């Protein structure tokens, strides 16, 4: 197996996608942050009466997805045409699912992964004063379509994944 | 339990740390990205002869840590005084451990967490052409010192964690 | 009336414009910063002999317009194809008019508004040592064309608006 | 009257504050965006049932304040230690008041002004599909303390200004 | 001779390229940083056993090229489709050659020049503890194709220029 | 000779400056862009009647210096306290000299070098329509003071260097 991201001298390059077709590309990613039940409760209560942690995480995820080419060194700049995130508040975790859309020459899976990562990190930041042992886990690509490499759909175990469209 | 990040109107604020002391603060975070054994092999081979995936991930982690206040909405701008990352290449995963230092009014745990997240995402990006089912897991704070909230050290299970100093 | 920027869970999203047509889109915005007559005089004198406040404001407006997607959370990244600003130096105010052009899937009115806002804020910054009570007022969209929502032209009262093309 | 921001050649410079004292500095700014009563109603309803425009504007204001040195060309980079925004939802307008704190060598009035500007622009962006004639007005400095230039407090006409602390 | 970058008022504008054709555009730039032979040796040794200065410079060049519109005030945002850098390690210098590709309305020569500049500056930064008198010289455009202004190829003296494709 | 920028694994790190003293640090850098005499004439004429290329280059240099930590991967974020640039317009070149000041734990030589680089690149961008063969040369550190490594002053040949203070 060979990496596409290295040149003849063995140094990283931005892969040349000049001649690729412009097609509609969609990617969804999944992320989960585990926490104490009290922390999950505090998030739930917050939404109702005091401050919506997930609203801030939503904005963070969308803004970070747009910054992907300045966070991931070899990513191409892209004209993202839509981003949405969904949250499932479980008793001891929050699940985040992102969907990113594009009409362009290369896919948006990194953008989708950056969105869920930034959302999970923001939840951590907002809740860390009450729970420092939260753990981000299971950040992965759920689904990807458009482009030459074809449709990818991960076989997932978790039942709670409902991808926002 | 109450969030510190919300104002009286229930909207997020950047917590006021004006009157906090300037002290030396250190934080270490852990992250892991699981992959096929062939992908781990390709990373190991690459270092020897063709292209060092982890060198790019290292740069990505350091640069992302500096961008933390523009990725995590309520984070304070900080004058980071040192960042390092260490990688453990396992047979089916890469472990990343970051250490971030600061002399300032608030801690650098978000910077440490952003560093490992960006490093893991960059590994994903560099290897995704050969393995699309990689999973980032177990991103968490390892240790944190300095500041009023005192020393925090996570009880960890994994033996392979050697924190860079 | 319903917002287009919220998903089913009531959280903000970047509106999906994937299927919109790529058309030429132009937007012009207006802004005004009121100041003491002495401040306006100092700006006028400066241009002649010492330092052109408006040249700095011009650069600030153009650079800020390009940063729109990182300032306004739900804005799409766009490939702006032209930006210009005009200034009218009145006896007690400076008027700023921006024109932004694009061939793309969604309009550039936010870019035009960000450009005049940044230009006015920069004038404030450059002059604040001599006049701290300047007031930015009347930032609004002047005109917008291209795209499905059709031509918009604000009915304006002020005579001095000459839109740069 | 003379500008401090120009060098001997008549070109803009970042004013040298190296020898200034590090003191606590606070600045508050005011902004207002006028809109149709229906738009104000939609914002009020949204908060209750569907999507909080002002929560997004709050995050935008805080994040933009941190970006001030990259938006306003001659601004110094600063270690902001706290930011908060308050909103007053009137029948035909939203008022925004920001407070920014710092312990540093130069004031945060530009940060406070950028925060209200970005919040107003975000409100415009979120509501523009239902009201394209909104007008941002009366962006100005409310109060400023700390530093050599002393305390500044604007004489204001509007009764509704309650500065968040 | 007349500048295209100024408007009627004599202030800089982003040139209007709205009506230009979308074509494939390629640009290559050259840069050189001179240093003591011992510094060049240290870079060569580093690659073999301790740390690859040029790998960091490579990542810096690619990431900086993507930031061109936020570094060069009048540059258009562009969807770069490929970037690569090559290094020639001479006995008392490092040569850097960048190639940037795009399918768009305006050329990528500034992106190519920014890439070599950032790479040279990064080499300086990584080596400055051992050699403070390094000099960056001869940054220029090597070649440019695509677009109305036609093919440009610099007549160069140096034999060592091999442009990466 | 050994690099300070690499860790035990041979990968780049941000050097730990936590325990260094906070002192006043000043750095000056020099850059030169050579051009046809007609191009130099056009810049001179422009200042008088049509558009000041060097005013835009000045703003670009100042803004780029502030972005140094996001352009040069291992640079520390710093609280720059002053930046100025001077230009000497020669018959076939423009010389740029930057001075950057700081009270902090590490020097600002990279900031000074980034400032002159960005100024030269901006001059190139503004003039490239009339002269594509301009060459940036001789970017180097002129002087540096403050900090443990002591005073550095380059022995220079060119008479025209007058460092702005």
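Every chain is named by a letter (A, B, C, D, E and F) in the order it is written, and numbering of its residues begins at 1.
In this section, contacts are C-beta pairs under 8 Å (C-beta built on N, C-alpha and C of every residue); 3 or more make two chains touch, one makes a residue touch a chain.
Computed from a predicted structure; not experimentally measured.
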item	value
Chain whose Cα centroid lies at the greatest distance from that of chain D	E
Identity of the chain that, by mean CA position, is farthest from chain B	C
Homomeric contact chain D-chain F: same or different residue positions, threshold half	different
Distance between chain centroids, defined by C-alpha means - chain C, chain D (Å)	16
Distance from chain F to chain A - Cα centre to Cα centre, in angstrom	38
Centroid spacing, where centroids are CA-atom means, of chain B and chain F in whole angstrom	32
Residues of chain A whose C-beta touches two or more other chains	7, 11-12, 52, 55-56, 59-60, 63, 67, 70, 73-74, 77-79
Interchain contacts (touch definition) - all pairs	A-B, A-C, A-D, A-E, B-D, B-E, B-F, C-D, C-E, C-F, D-F, E-F
Contact footprint of chain C on chain D as seen in their complex	1-7, 10-12, 38-39, 42, 46, 49-53, 55-56, 59-60, 63-64, 67, 70-75, 109-110, 113-114, 117-118, 120-122, 124-130, 132-141, 144, 152, 154
Residues on chain D engaged by chain F in the complex (per definition of touch)	7, 9, 11-18, 20, 69-70, 73-74, 76-79, 104-105
Chain C partner contacts - residues on chain F that touch it in the complex	52, 55-56, 59-60, 63
Chain E-facing residues of chain C, complex	24, 54-55, 58-59, 62-63, 66-67, 77-87, 101-103, 164
